[in-house]
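Here the chain labels run A, B, C, D and E in written order, and each chain numbers its own residues starting at 1.
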Amino acid sequence: MRASAEPFLSLRGVSKTYRTGGRETVAVSDASFDLGDGEFLALVGPSGCGKSTLLKILAGLHPHDGGELRIGHAGFDPGRDIGVAFQAPLLLKWRRVLDNVMLPAEILGLPTKAARERARDLLALVGLEGNEDKYPYELSGGMQQRVSLARALVHDPKLVLLDEPFGALDALTRERMNLEIRRIWASSGKTVVLVTHGVQEAVFCATQVAVLTAGPARMADHFAVDLPEPRELAIRNTPEFGALARRVYDRLGIA
Amino acid sequence: MGALRRHAPAVLAHLAVLALWAWATSWGGVPRFILPGPLETIRALGAPQIDWWRHVLITAAEAFGGFALAVGIGVMLAVLFTWFAPLRRALMPLLVTLNLIPKVALAPLFIVWLGYGLVPNIAITFVIAFFPIVITTARGLAEVEPELLDLVRTVRATRWQVFRKIQLPSSLPYLFSGMRVAAVLAIAGTIVGEFVGSEAGLGFVIMSAQGTLDTPVMVMSLILVTLVGVTLYGLVVALERLVVTEDARLR
Amino acid sequence: QDRMALVLNWTPGPDHAPLYWAQQQGMYRDAGIALTIENGRGSGFAAQRVGAGQAQVGIVDSPVALQARAQGADLVAGMMIYVQSPYGIYWRKSAGIASPQDFRGRRIGTPPADAARVMWPMISRALGIPADSVSWVNIAPPAKVTSLQSGAIDITTEFYTSHHVYQRALGQDLGFVATRDIGFNPYGNAFFFNGAWLRGNRDAAQRFTRVTQRAYAACLANPEPCLAATAQPAAMSVEDLRVGWGLVGVLMTSDAGSTQPLGGMEPARMEQTIEAVKTAFNIPATTPAEVMTNELLDPAVPGFRGAAR
Amino acid sequence: MGALRRHAPAVLAHLAVLALWAWATSWGGVPRFILPGPLETIRALGAPQIDWWRHVLITAAEAFGGFALAVGIGVMLAVLFTWFAPLRRALMPLLVTLNLIPKVALAPLFIVWLGYGLVPNIAITFVIAFFPIVITTARGLAEVEPELLDLVRTVRATRWQVFRKIQLPSSLPYLFSGMRVAAVLAIAGTIVGEFVGSEAGLGFVIMSAQGTLDTPVMVMSLILVTLVGVTLYGLVVALERLVVTEDARLR
Amino acid sequence: MRASAEPFLSLRGVSKTYRTGGRETVAVSDASFDLGDGEFLALVGPSGCGKSTLLKILAGLHPHDGGELRIGHAGFDPGRDIGVAFQAPLLLKWRRVLDNVMLPAEILGLPTKAARERARDLLALVGLEGNEDKYPYELSGGMQQRVSLARALVHDPKLVLLDEPFGALDALTRERMNLEIRRIWASSGKTVVLVTHGVQEAVFCATQVAVLTAGPARMADHFAVDLPEPRELAIRNTPEFGALARRVYDRLGIA
């Protein structure tokens, strides 16, 4: 597999409690796992179990309260090498679609021309060619989500954190996006963490699946997806795929 | 056509005020030593002893200069306050307190320390106009959606980048409402400054006219001050149109 | 009771002490006058308010009243307060000004509306310097003393009633000349009535004037009760009022040889005042008889013969 | 403890200014007829001819009254402007124009027409303070997310309900920044009003003191005016704390 | 079936073009269908095809440009009888969860006590008991979406318009929500229009499915779901269900 000697990502007993208005909400409790370089991890778990929180901790946005967290090998720059697509599209309403995608590139000071080229390519890739000059409010929900996905990739980050990036997409577009993100991942050696509610999607996309429990995010299961590469959509009809999906459903308590 | 339609109500409203003025001073019985008629007022433009153009330019220079300073320093202060919370906690209340001291009463101190003329009047204008800028901008910066800040924090945006790319654009509606208020205050500040000490400018002309009860000259000066103000305000509105992305949903 | 509103030339000060004392003693009420005293904001403002009929009588500097008449305000003087012109010119000796001759080429800091400034053509003639040998800068009234003291300006003009303030601030460094001492002596503050009201209410005007006249006479003779009555409304200390009242006395002193009662006006002096204003403002000609009347006064109250300077 | 910590920097900053004042008037060589020392100023509170308490109450009544009117009528106007676009197009520019006429120069006209006293001073305060309220509130109402309006339009909310449930709460940050500016302007307006015509109030005391160069009384009055202003401003801030849901993310 | 003589909802050639910044976007073109009283319609179609736009037209928020639209029988009050859950949660950030749910009831002036009771019940039903006093920012994405769903139902509307209400939910919660919304629908006789990207969800929940084409929303297919009532989750494993789902997949162009 792609994983190198020491893990790319390593969590040991990471936890996080929100304290607001006198309330305490334990969002993540004792999250521990390793992820090798170039792995594709799918995070699955019930609503409110702390997936988004965990992702924000990985993105360096929330300090965690306890435990140890290590990201990247030597030469990994958390400021340049992480790309995030949040659960909400979070587009800047005063910027056109293309300029929204350009945002991380601008901030990192990447060469403008090349970055614009890449932004256009990514927009085409997510099926939004011709919408570059629109403002966010002119887009449908699914279109906004795809802009946000393109933005997460524009600076070619080594670690890509995706929080339900396909939640607002129809089945067909979603399948296409699954294939695209896998293609990008496979060709670039990126490490990807994908939060998703689609069990089939998780198993199809990922090389590892982590299932979280309700309440504070705690690992209920974590296993490697040993399916052949490259994967075709048809793989979903194989018994091996079915068994892995069944395992996730079981852990989630779905009959 | 659209523009004409759009501005017609405003033009009509202004004309109504002019008509009311004309009526009050002719049939309405308002004596001319209190308020002269429009014609008489316009005739004051011909007064040979007053170089109107020069006074207008001086007042405009003071108002525009003080306003520009107020916007520049006001925004800068607001940004510093957002960046350094202890600075805000120490200086913001003091700023409020100092602003609450009536400037009109401080006039003697102003002259003793600054003297009189263009520069001190720009300073007075600045002092009076900058407060709304600080207040609205600081508020606008504070109201930025925290999620949007997260967005650029993932790529470790510098404070300056966060300001330029996220905070400033998203707080422009606040900044511009502050600038509109400041434009009005700048005009008031300039006139106060010219009242306190000056050798020229429309405030100077107003005071002279008050002394000689030359009401046509006084009202003409007031009209010109107002026109200077309308120009400044108009520039703010034009800049706003240019800079703030028209959100088609809002109109 | 006849209702009357009196608008002062400024906020209450020593020159208004007799009014507050008389009011306190109920002298107006006893004369059938329900009097309200309104604060003013300069003579021009008082002239406007009386001219517009919102007050029946006001204290207005005579030249200002004459200008206001030319603009259509119907004002008639019924009692003179400052028989002697109050205009004074003040300078800082350390600025290198030994006498008014040294004014040449200097700037005088004073509001454009200042009476001495608008009368400058005549005052400069009296000083013996060309009118255009000085230039002017606008300094707001409350800033004048401090500006002079701090050197922001070298020369200013001021009513003589603030003389003590300048003396306190500059002491030995203060240079001063009163225009009345160099031959420019127009009438100063007086009670001006709204002409139309006066014609219809002669009796009330006369009762008002006589009470006022007696009050001024009484306060000149015995100031202390008057000053005590004024401290509160003026928000000034009795000490400050006492000094100020002394200066008012100087300005109220009758001309040598005049037989007018207290507050009475010499037509000839009024004529001179009109002439001065005409020269300065190019107003239409008018006669003393149109702008003043001595008939409201009680001839039995003698003119003030002088105070120690 | 938390509150103490929070306010300590502000208190220190104020004390620093006081110390600077004390220094300037003792060793700094600022003469007392320009600026008296702190002790001398405090002693002015004992001046028998001045009923300080009464003057403070009158000034406070005028400032608070005018401010309350400004908020009430300002918000009302802003709401009407949002409801009736033609009204906004006709009146808003006129409002701007009228606001640009320097009030300091108009003050004498105010008195000629309104007389003086508590009510006219409240009117002047109102006129000077209401503009920022209209500007910021109108802006805030216009900036409401159109999607939130859709939310209540589906249940055919009345205009009033839309205002009460959506527009007002979501534009409170705008309204309050307008109110902060207006609080400062209200104080300035009251003092201008008292300068122009009054027989009581701190502005009146300042004018009297200026005439006799009684600087301790003058500075004491300025301090009291500022305290009245700080009280008003503090009330605005307290109301803001109470009304605007603390968004824990923002602090 | 439930449908009464004349349809509850009737569209004839309804179309809608957005005109913004000099651009024209045809969002809905020639949408025509009838829906009987008490039917449950699922709208399925690719991202950006105009589903949300159509729903907003039904909600009376957008005027349509052409065609005819009729909603409700006599006595139907569009102001009182429609409940909408938009694609974004659109919670008022200054209101607590319970007060957010209360909003429509407040505006309609419903008796407060009863409405609060109902709001609490609905929050429990969507699995959010105990979160009544939180502010929106304290909720996860899926929790916010469920609050929005509860809000759409609080005033007991006759016509319920739901725009991807389960998009941010995990599989298990989503199944539960499917069952709950069906229970409410079955017991109350409401008419429901549900926009969804879940083909299985569409067939499981609905009595009618409309499939829209890409580009401007035009009907590609419209058929009745003749599955027995009440439906159990297990019905998804029946061949009848599979055939209907297959039909939708085919229309969407999914292999």
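Assume a contact is a pair of C-beta atoms (placed from the backbone, for glycine too) under 8 Å apart; a residue touches a chain by one contact, two chains touch by 3 or more.
According to UniProt, the chain labels map to these proteins: A, E = ABC transporter ATP-binding protein; B, D = ABC transporter permease.
Everything quoted here is computed from the prediction, not taken from an experiment.
K.L.:
Tell me, please, which chain's centre (mean of its C-alpha atoms) is farthest from the centre of chain A?
P.N.:
C
K.L.:
Starting from the Cα centroid of chain E, hunt down the chain whose centroid lies farthest away.
P.N.:
The chain farthest from chain E, judged by C-alpha centres, is C.
K.L.:
Distance-wise, how many Å sit between the C-alpha centres of chain A and chain B, to the nearest whole number?
P.N.:
50
K.L.:
As a quick test, compute the distance in whole Å between the mean CA positions of chain B and chain C.
P.N.:
38
K.L.:
Where the centres are mean C-alpha positions, what is the separation of chain B from chain E, in Å?
P.N.:
51
K.L.:
Would you mind pulling out the distance in Å between where the CA atoms of chain A average out and where those of chain C do?
P.N.:
86
K.L.:
Among the residues of chain A, which are close enough to touch at least two other chains?
P.N.:
Where chain A meets two or more other chains at a single residue, that happens at 20-21, 88, 135.
K.L.:
Any chance you could list the residues of chain B touching two or more other chains?
P.N.:
Residues 34, 105, 108-109, 112, 195, 203, 210, 248-249.
K.L.:
Enumerate the residues of chain C that touch no fewer than two other chains.
P.N.:
48, 52, 142, 145-146, 150
K.L.:
Which residues, counting only chain A, touch chain B once they are in their complex?
P.N.:
So the residues of chain A touching chain B come out as 56, 59-61, 78-80, 82-84, 86, 88, 90, 92-94, 103-104, 106-108, 135, 137, 155.
K.L.:
Within their complex, state which residues of chain B touch chain D.
P.N.:
Result: residues 6-7, 9-10, 12-14, 17, 34-35, 86, 89-94, 96-106, 108-109, 112, 131-132, 135-136, 139, 142-143, 146, 173-174, 176-178, 180-181, 184-185, 187-188, 191-192, 195, 203, 206, 210, 218, 221-222, 225-226, 229-230, 233, 249-250 of chain B touch chain D.
K.L.:
Write out the stretch or stretches of chain B touching chain A in their complex.
P.N.:
147-148, 150-157, 161, 165-166, 169-170, 172, 244-245, 247-249
K.L.:
Inside the complex, what are the residues of chain C that reach chain D?
P.N.:
10-13, 38-41, 45, 48-49, 52, 54, 141-142, 145-146, 149-150, 162, 165, 168-169, 231-238, 240, 244
K.L.:
Can you list the chain E residues touching chain A in their complex?
P.N.:
These residues of chain E touch chain A: 18, 20-21, 23, 25, 44-48, 51-52, 87-88, 127, 134-135, 138-143, 146, 163-164, 167-175, 197-199, 233, 249, 252-255.
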